[in-house]
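Chain naming follows the written order as A, B, C and D, and within any one chain the residues start at number 1.
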């Protein structure tokens, strides 16, 4: 069924999407950052280099993933809200995904 | 080496499913450990915002006396069909919704789950927080006999483990109950902002008479760029929960940024005035497992039961999940109690859990809507076409153009078939019908 | 004499050298004195062989200096200092007593206030005399700088406050100044002091990875373009006796260790000087730096949010600006001698 | 070895919101945490206990909710937690607080000897750094504030060597025991507690002491009566005004940099 590519989103609709600085949203989230353990990682940078679309740069709701000048994928695990989108959303299953150590990571104040 | 930590039952994850299971087990007199990886129960939990009380009452009949931290009762609810510049509202308000306790309440999970877990503790469950379960412990026959946590000296043993770990069901997979992750077209990603506003403002803006009234609105169409998904807006005590959810596949395919979709929705001319002056107190994201009835993991194995999001127990069509989770957790707890009585923790015995679930709304509803995800997946235009149509039809209907009413009605019908062929409409309706009938 | 309102200032000294906050406080004390009829400004000086500092205090406006000169006071230790000062406080009953909010001052003032059972307001940024009640109104930031509170001490005396260095203007000393020296005795022997100083290990600020305590931070962001950019930041930081920090983006990139990360998911810093090079200034970063005394931002994007919190902004290429900054500091250094953090 | 650690439960100031109209703290949605410095003090105490044997007692003054913080300390390995809680203590300033803690510690010292008293260097809500030194003064014990490491500790010889951070460097100080230390975060990195400790803590209920039992506090020295300082007014600080942003393209790099350095000089933050 749905391995087909969807009809692309029309450019008019895309143009209605505002630019959002996600870091401003992140300021509302409470994190307990585990400085000693990154619970997300790129399994193989070579795979990312070959990935043209890099959907993780878009779908990650907290913009954990960014690309540096060399095209390597940078992982800002500190901002992760542990939703799991990248675990299932990476088309190449190239993202190592574990849970943060107990007590670390996001702690929603309201939820 | 410290003594081996032995319990009668282990519950992994203090969400609605796990807490419900722990309550049943503790009330049944078992020594139960409820393990939560967050700093407190609810720290990792995030949802749109409506809880249904029927399932809570089944778990905790005196829940009302225990003063649950609900936000507002849902006294008005319905759908908004949103076009780029307008909205058709289908809302329902009834005296029925005024009775207390109400059928449904808006809630915030950090507070609610903490409270719910506290009830389990008050009934005798042992709640251990800040501890992540990383694997199962098995005996030589491969039966699950405990779990391994990420703490030093962190192995715990019990004849039965109830896995209610949530949508990222790594443990369920490690236990062999599910082969692999499901594809992104069977999982939705929802993002939400909780926007603080004084209660008086909320009541004025949404025409509520006080703190004992509240609104739950599901919004379709332009809110999700016309893509298959829903947006929502729920009133809380001193804030508004507003969010959008789309199948993860849509975000992947269209390279959409969830926070931009949400910001666009918040800026919609219909929505913006409701939020004016509000402050975003929290942003967050969560996956919703829309696995569907046919792709659920095995719910039982030797020494294990699975409940809640971990098993895909979500009825996305009716924005239900916590009530399915509570009911499944309760039944898992009851099955574990029965297993203790029989001293039989085999998969064969534990399958009674699934049979019990089949007789409740949990699996009946999931079975009925088993094709809904497929329907939306194969009819991606559904949202935009019909929602925009409803708006334009309403515009024609409510505007006076000097046309005879009969002509106007014909025009409205024609408009539809200009957008979608007669057979296209018929096919969509048939599919929708199939999706609804199961 | 009892109706004379004495405004006391601790003349903080170590190794015979007065801490400049003492002079800032003498300046403040004179302003308070002008609002408080019948008041005088006086200094309190403790140490071993430190009498010469009293002359300096007169030049900054002290009319009198109470001196306890004793070998036991050679190095600062809480007990003998607090004991000695508490005794003269009880004897001369000052109305107000100001102390610098330095490590020494905060340690000492708490012990004095406890000994004489009076109120102490810590870490003030502003002092005034309440015009109606004629008492000290001491204002301080609280809740991580989110709230300012003005604290009053209505009944107990003296009214004590510690004041942050460098938030009050440093007065110009008079050419000459005279005052009265009042010698007091300590009344405590070395045997009675339980704490002994064995050694002082000088810390090189450059080695100090703990950016939370750094006085100067030179921080880089994505605008650096490449990890090599940090070499330039290190050079500047070293020149200023500071440390290198970073925004989340470059830590994510693995260009620098997470221990350097500043902001909501990193560390909150309060340096005297914060130089932000190529940092866009997302709010999650900005919340970590707003406690800085002076923020210099360098960014080629004139709309970068960092400029909204900067005391001075340079819109330009950091690879052009930073080397020039280094050159000019070196040039000034050549003229004025070694770099030092002001008043530290 | 017996260490007493005094802790405080504080609102997480990185998430604090202030009602700008009333100048009061909005507590909703602000997590309550153990004052971060205090958590490191507990860790040091637990490490010393593991090395020398003995026990760790944690005390705190606060509302009933502060009991949670004592449970967290039990997770870290503390043996006993005492919450000193009474409405009569409310609105205490640092002088009244140090009185209550000192009397509590005296009562505990009367039960069994104490080798070490530990405080965080300051609480992140008030940032006063006054309670630890105040307690040391009241008890007449040696004080070492801003401690960054314990070089040696000998509960038998009753002596210890402690490093303390000051502006001029690290002071190495020898002290007799018992002594009171206020500590920086580096004093001990917090390690993950073993599961059995977490289980024990989850079942542990800290003791609650009131203003009259088991210690009868002098009511004139506690709460608002025992506090010489009061808050006259509270307000949110005005937002910082952005300074000028000068374009290199307009003025050239050297003059722009010179202007920046001049501004830094006027601000008097560093000397070149």
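In this section, a residue touches a chain if its C-beta (ideal position, glycine included) is under 8 Å from a C-beta of that chain, and two chains touch if they have at least 3 such contacts.
Not measured: the values here are computed from a predicted model.
For the criterion of most C-beta pairs in contact, the winning chain pair is C-D.
In terms of Cα centroid distance from the overall Cα mean, chain D ranks first.
With centres taken as mean Cα positions, chain D sits 41 Å from chain B. Mean C-alpha positions place chain A and chain B at a centre distance of 22 Å. For the pair chain A and chain C, the distance between mean C-alpha positions equals 42 Å.
Between the Cα centres of chain A and chain D there is a gap of 37 Å.
With touch defined as above, residues shared between interfaces to two or more other chains in chain A number as follows: 26, 101, 107, 109-110. Listed for chain C are residues 264, 287, each touching two or more other chains. Residue positions of chain D with contacts to 2 or more other chains are 29, 192.
Contact topology of the protein chains: irregular, matching none of line, ring, star or complete.
The complete set of chain-chain contacts reads A-B, A-C, A-D, B-D, C-D. Residues of chain A that touch chain B in their complex: 1-2, 5-9, 13, 16-20, 22, 25-26, 28-29, 32, 53, 55, 57-59, 61-63, 81-85, 87-89, 91, 97-103, 105-111. Those residues of chain D that touch chain C in the shared complex are 11, 13-14, 16-18, 23, 25, 93-95, 98, 124-134, 136-138, 141-146, 161, 163, 165-176, 179, 186, 227-237, 240, 242-249, 253-254, 256-261, 263-264, 267-272.
Within the complex formed with chain A, the chain D residues making contact are 12, 15, 29-31, 192. Contacts from chain B toward chain A in the complex involve residues 37-40, 42-47, 84, 108-113, 129-132, 134, 149-151, 167-168, 170, 181-185, 187, 189, 191, 193-194, 225-227, 239, 248-261, 263-264, 267, 280-287, 374, 377-378, 380. Note for the complex: chain A touches chain C at residues 21, 23-24, 26-27, 31, 33, 35, 64, 66, 68-69, 72, 74-76, 78-79.
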